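As written, the chains take the letters A, B and C, and residue 1 is the first residue of each chain.
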Amino acid sequence: MSTERLWPHPELAADLSALRRKAPLVHCITNLVADNFTANALLAVGASPAMVVAEEEAGGFAALAQALLLNVGTVTPPDARAMHAAAAAARAAGRPWVLDPVGAGALPYRTRVVAELLEHRPAVIRGNASEILAVAGEAAGGKGVDSTAGSAEALPRARELATRLGAVVAVSGAVDFVTDGEEVFSVPGGNPLITRVTAVGCALGAVIAAFLAAAPSPLRAAVAGSALFKLAAGRAGRTARGPGSLATAFLDQLFLAGVEKD
Amino acid sequence: MSTERLWPHPELAADLSALRRKAPLVHCITNLVADNFTANALLAVGASPAMVVAEEEAGGFAALAQALLLNVGTVTPPDARAMHAAAAAARAAGRPWVLDPVGAGALPYRTRVVAELLEHRPAVIRGNASEILAVAGEAAGGKGVDSTAGSAEALPRARELATRLGAVVAVSGAVDFVTDGEEVFSVPGGNPLITRVTAVGCALGAVIAAFLAAAPSPLRAAVAGSALFKLAAGRAGRTARGPGSLATAFLDQLFLAGVEKD
Amino acid sequence: MSTERLWPHPELAADLSALRRKAPLVHCITNLVADNFTANALLAVGASPAMVVAEEEAGGFAALAQALLLNVGTVTPPDARAMHAAAAAARAAGRPWVLDPVGAGALPYRTRVVAELLEHRPAVIRGNASEILAVAGEAAGGKGVDSTAGSAEALPRARELATRLGAVVAVSGAVDFVTDGEEVFSVPGGNPLITRVTAVGCALGAVIAAFLAAAPSPLRAAVAGSALFKLAAGRAGRTARGPGSLATAFLDQLFLAGVEKD
């Protein structure tokens, strides 16, 4: 059965140093709400973001970039074609990529787009419990883009999904769970107010993509990204008065992590 | 004629509590400048935003969501088709929705889109004076998306428009006016510097949509949204050094309203 | 040869006052990452932004606006058609405009779009060294949207490009260089951490467009925009803890420049 482990702090420090040394170019096709915050989160951790979204460019660019994130939060048919081209190119180049199935389950069109993108074999799937349950084939009743299920509830199906797809599945929630189907890491911490800042989960998908270019395995990458976000949210919460100042402090703390003492 | 009244603080508190209890799912199709700030404003007040913009999804999702905002700030033909599907679905479901006619009057294409959307009978129309005058059929000479007219100037035509459409009309400005054609509420306060933060008016349209799902009437919803924004802008102005810190503090104050003492 | 000069502070103050008096309406077709930050930067300096992106509206609106910025950061074919309409209308109206060739060189589709837009004769081209080298026809090996070359390296080709096109070329970097082919201004200062805030360069292109409507020449406009951004970044750096608070303070300082004492 599962040996559930807490995230290992020394490994996060090593992976974060590797990310900053490598400064990977992260190709993102993400949603309209998340574009700016995701780029800022990637810059804050030390990666180099590039939102290259046109069908004419997505395949060629995915072959050049060190990492790829696809997020279906506001996907339209032209976006879906660009995502297919990017995912196919990343796979052909042997480069692991991250799929964020925002709103899967609640919305049939994107649920179909997500099912098609799975054929390009993402290395990591990151979502909230409702989204992961939906990708796992369960009628999950997500409420738009917010989850109606807790992350622990989704864990058994997340493990099955990971095993079936040969992928790492990261379930975000009050506690994040990351699994490759065998091992399970739980990542507690953070700050409940962070759910009042939009696009944090979306930005996490992109930062996990950045870690894929630097960490020794997709499992380590997904754990490192999740742990870094919990760490930064927790620290940012010490000074924030509300969600506006929390978002600002969160980006500061992504930058300061591993630089300032705990 | 008009019995112009100030916004009633105790009613705002009641409506805000109701909004937070209900945490309505607010479907937004808004503009590229406003997507992120609008989502953050909705989260800060206690609603659940979902920017669902594809034609393939907009109708189905509008039928599920508790509220709908349509904002034509950067509308393109695919967006317009999605907006029609969403407005039609909201109307069919008997659910009130908000129209924000950004830039109407100054720009012929969107002026036509707005005219078509009016056929789906919005419960609330929110805009600046130039936009409201344009929707009312007057050549208003808006300067792009900023108003060249004061909100009081637009009030007579706003009342006529409200009566003609059976809708509430909210005119934003140094003082906001909200009318159903008979009653007129004036909402003073705020902070003049807030005009140097982009997308605040756009976010107000979305927050009024959230109040539509919680307040006893569209008139109350539009007054509550306008009053909450003036309150938050006024409080945020006490600590802000410029428009950057004002935007951050404004989101904090949307969250803190009704939580902290005045 | 080049008489390289530092940016002249008194002239910046004069141009900034003129910009604020005129409050120019700046038409922007920019990228999905930059839309919000660019609008906020324009509002902070005292201009009036309008992101009018539909092909149906771009030409007509460019003829009305006082300034135009085109930025190809996430350009798609419909965007490119809107950009052509806008650039043609601006040229027909005798109004100078700014081209920001984000990612040119690294990505063939947008490189072609940029080449086509050059036929509409921008008054100012603003980019990082890799982008300017690419526009000048040199295989530059840009890394996505970040530069792999220093701004000084690009200066000789920037001067040739400026002379050939009859345009001002602004090369952003640790030191900005602005040239019309004959004169060269170097603009030092700023804060290295600003490279960890997304869309600052994109916003600079828009602010240069605003200065085009107020300054006595395109050269002065490009120098004024670059100098204002270096000034604001330097001042913002005094209080920022990381890139989140730097972005916020940067917008504050754009607003405060010329208002508070140095």
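Please note the rule applied: a residue touches a chain if its C-beta (ideal position, glycine included) is under 8 Å from a C-beta of that chain, and two chains touch if they have at least 3 such contacts.
On a predicted model such as this, the values are computed, not experimentally measured, just so you know.
Asks: Chain A and chain C are the same sequence; what rotation (0 to 180°, nearest 5) superposes their CA atoms?
Replies: To bring chain A onto chain C, one rotates by 120 degrees.
Asks: Since chain B and chain C are copies that touch, just let me know if over half of their interface numbering is common to both, same, or not, different.
Replies: Mostly different residues.
Asks: Based only on mean CA positions, could you tell me how far chain B sits from chain C in angstrom?
Replies: Between these chains, centre-to-centre, one finds 32 Å.
Asks: Scan chain B for residues touching two or more other chains and write them down.
Replies: Expected reply: 32, 35-36, 247-248.
Asks: Write out the stretch or stretches of chain A touching chain C in their complex.
Replies: So the residues of chain A touching chain C come out as 25, 27, 32, 35-36, 39-40, 43-44, 48-57, 60-61, 64-65, 78, 247-256.
Asks: Spell out the residues on chain B that touch chain C in their complex, using ranges where they run on.
Replies: Chain B reaches chain C through residues 31-37, 73-77, 103, 106-110, 143-146, 195-199, 240-245, 247-248.
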